[in-house]
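Two complexes, one shared chain (subunit A), two partners (subunit B, subunit C).
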Partner chain A sequence: MIDPGFFLEIFPKLVAGLPLTLKLCGISVLLGFVLAVVLALAQQSENAFFVWPIRAFVSVFRGTPLLVQIFLIYYGLGQFRPNLQALGLWWLFREPFWCAIIALTLNTAAYSSEILRGAIRNVPRGLPEAASALGLSRLLTLRLVVLPLALRQALPAYGNEIILIVKGTSLASIITLTEVTGLAQELISQTYRAMEVFVAAGAIYLLINFIIVRALELLEIKLTPYRKR
Partner chain B sequence: MFEKIHLLGFGAGGWGALLLEAAGITLLLSALGFAVGAVFGGVAAAGKLSSSKVSRVIASTYGTVFRGVPDLLSIYLFYYGGSVALTSIARLFGATGFVGLPTLATGVVTIGFISGAYQSEVYRGAYLAVDKGQFDAAKALALTRIQMLRLVIVPQLLRHAIPGLGNVWQLVLKDSALISVIGLVELMRQAQIGAGSTREPFLFYLAAAALYYTIAAVTDLFFSRAEANASRGIVHR
Partner chain C sequence: MTQRRMAAIAAAFMTLVSAPFATAAELPKEIKIATEGAYAPWNFVNSDGKLDGFEIDLANDLCARTKIKCTIIAQNWDGLIPSLQVGKFDVIMAAMFITPKRMETIDFTQPYAIDPTAIGVAKSSDLGKQGPSTEKIKLEDEKAAQAAIDKMKPALKGKVIGVQSGTQLLAFVKKYFGDVAEVREYKTTEQHDLDLAAGRIDAVVVQQTNLAAIFAKPEFADYTAAGPGFVGGILGMGTGAGMRKEDTALKTAFNKAIDEAIADGTIKRLSEKWFHADVTPVK
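This part shows the complex of A and B:
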């Protein structure tokens, strides 16, 4: 049943989609992370006027399927073409690539800001107090004390989130972007050899995940030198 | 856009009833898929905890693959793979042409398989969280293995498992939207149909999002109730 020749034939075809998968994932993880830090910090404020809209954003993006979000941005906003053209934003919403990036970014920002919010809350109270006793400004306390500790604590959970985004990039194939899963679907419908294509494409994703998990483990070891291993 | 809101209503030309019905299919698909996943997850958790190395390897490979590979890819595997198998069986009986699988059943099995991989981790963790003394006590009472599991371990295991299962349920609910790609008319697909025929995609996807959000919020309440119920009599420190 297993035919090595067939694997050799489909593997390069699937790998051709890898740059797009990595680009989608890389850009949205970077942008999403920056947005998540901003959202998590903004929620530290006591101003309900500030916090309430962020809570709503996070809740909506965590409570609805990513596919709906992608469709809402790609097809839904396409309906407002004249308005978007007037705003000079049409070039962005015209491209399925950027729509996928926007959806993935907002989605991961919502999930990651919750991870970070929890991590910031778990920083022992005494540390920022000690920092302000030393005369550090709020910004310096944040940059030198709270954020480094929170980010380190958030690392394992954030690793899971990155893997969810790698998996999420596959939905871009539904709005015509032929990344790895899109190519796999094309190959399956041409050859009807679902199992072989699944194994080959699945191996690519598992390899990406493995590299991410390993890299984050190394980062965690580097960030926690005091822990005996 | 909002002058078209009557399109979501229940009057003539309104899509309200169709969307609600499709939300029902989403709920059915998710609930059945979750239940099938409980079976796969239970078996896989038992495999991971088993003393046999072969069982452990099979169970952990299953978990790693279906948690690490995009769900969409798994859906294609089940839909096309299943259809090809069914077609070749049908050929044996003299049928010609391609035989498609029933979409609801395929969706349920696929979601079951994917969520089983996640559920197995939840059950395994919950099993390990049950106090060891409980096993010894059950043995001291001369309970059989089945009695021990049914009367002592599983009720306590569920308490530890419910929060994790609640998370898996939310995942399942959102994954069910992907089953629209194989043509099952659940909420996502119905919204696509409505968006296509009325040319109001924003309105229809917004309505779908609102319905998913509502289902998620309401079912989450159910899980919190179940958690409170399973933890009654437990003193929280």
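This part shows the complex of A and C:
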């Protein structure tokens, strides 16, 4: 039933979508991480003026499907073209690529900010206190003590989030982006061989995620030198 | 049971079984035509509960021309070809495309409808200024097709064309405009219509009946069809009436009736009534 020749034929065609898949997840993970750090730190303050809007943003983006978010940002905002043009933002929302980036970034920022918020909370209180006793400024305490410890704590959970975003990029195919899944669907409509094409596409995602998992393991080992034997 | 009686029953049974096939070579006096009844405006059940639509009107016209008494019935799409083969009815007219795959099992008349391609663009665009044309060009006629395409190409240079994925239209756009324009694929035609209205894409390529329906909406008042319609070639062979392979006399009669209906403008009139577009096949 499974024809190896056919696999060899479709594999290069699917790999053609790999750069777009990597660009989508690379850019949105980077931007999302920066946004998540900002959101997590802002929530450390007790100021309700900061905290409530962030809580609302996080619960909306965690509580709705990514598919719906992509649809709303692309087709939903597309209907407000005159308003967006007046704001000078239409160039951004015109392109499906940037709409996908925006949706993925906001989604991952919402999840990651929760991961980081918990990790920052878990840094033992005594450590920042000791740092300030040594005369370190708040910013230096954050950079040298709190964040390194928090990030290391957050790493396994954050690794999960990166993997989810890699898989989430497959939804970009619904807004006309022909990344790996988009190409797979195109190939299926030409060949009617869903089984082989999706197996090959799945293998590509598995490979990306395998590399990410290995890289994160290495990073974790590097960040926890005291555990080395 | 006597032997003679058994023979009589067997003979009666044989005639019963072979009855649907008895008229293979000669023209039948009465036939049943099956449609789906769920694909407006081609064929559908109207508010009075009666079958109605382009194909119902056309079937009645063809029956009158061939002087055959016809009964039109509705039948599930999936069951159309199997039921035709076992003789539950004699003709399929259900917006069914003529494809090589289907022709392995059944036969088709010549096409009675070919829905040409149509390009929808903003009225203010370069292509929009060229305006619509009722001309139809067969892709098999390579010279004429290439000339028409070369005329449109400069206006589409660097533009984004939206088209539904998995369709022959996509193959058409990629083959003829893929070198100058960016082709963007959509799951449904509604999605590319939204993006055309939002200005994300510059053109959509659809079938003329579809474009007529889209542009009937008020938000597309500033949009127009442009250039000629293309048929044939990689776009397929059009819509025909399906028949059993052995019913050659019926096929000949229907082909002749379709020729007449094309020649005297009946198909054009019916298609404008139902689609607001002309789907008359190009001879």
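Keep in mind that, in the parts below, the second predicted complex is superposed on the first by the 227 of 229 C-alpha atoms of A that agree within 3 Å, B and C clash if a C-alpha of one lies under 4 Å from a C-alpha of the other, contacts with A are read in each partner's own complex, and residues count from 1 in each chain.
One rule holds in what follows: a residue touches a chain if its C-beta (ideal position, glycine included) is under 8 Å from a C-beta of that chain, and two chains touch if they have at least 3 such contacts.
As the structure is a prediction and not an experimental result, all values here were calculated from the model.
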>> A:10 in the overlay: touching subunit B, subunit C, both, or neither? Say first, second, both or neither.
In response: neither
>> Just checking: does A:54 make contact with subunit B only, subunit C only, both, or neither of them? Give me first, second, both or neither.
In response: neither
>> Just checking: does A:176 make contact with subunit B only, subunit C only, both, or neither of them? Give me first, second, both or neither.
In response: second
> Who does A:195 touch here: subunit B (first), subunit C (second), both, or neither?
Replying inline: first
>> Looking at A:186, would you say it contacts subunit B, subunit C, both, or neither? Reply first, second, both or neither.
In response: second
>> By the touch definition at the top of the document, which applies to A:96: first (subunit B), second (subunit C), both, or neither?
In response: second
> With the two structures laid over each other on chain A, which partner does A:209 touch: subunit B (first), subunit C (second), both, or neither?
Replying inline: first
>> So in the superposed three-chain picture, is A:20 touching just subunit B, just subunit C, both, or none of them (first/second/both/neither)?
In response: neither
> Any idea whether subunit B or subunit C touches more of subunit A?
Replying inline: B
>> By the touch definition at the top of the document, which applies to A:75: first (subunit B), second (subunit C), both, or neither?
In response: both
> In the superposed view, which residues of subunit A touch subunit B and also subunit C?
Replying inline: 75, 78-79, 174, 185, 189
>> Show me the residue ranges of subunit C that touch subunit A in the complex, using the header's touch definition.
In response: 162, 165-166, 184-187, 191, 194-195, 197-200
> Can you name the residues of subunit B that touch subunit A in the complex?
Replying inline: 1, 64-65, 68-74, 76-77, 79-81, 84, 170, 173-178, 180-181, 188, 191-192, 195, 199-202, 205-206, 208-209, 212-213, 216-217
>> Help me check something: in the complex, which residues belonging to subunit A touch subunit B?
In response: 60, 63-69, 71-72, 75-80, 163, 166-171, 173-174, 181, 184-185, 188-189, 192, 194-195, 198, 201-202, 205-206, 209
> Which bits of subunit A are touching subunit C when the two form their complex?
Replying inline: 75, 78-79, 81, 94-96, 174, 176, 178, 182, 185-186, 189
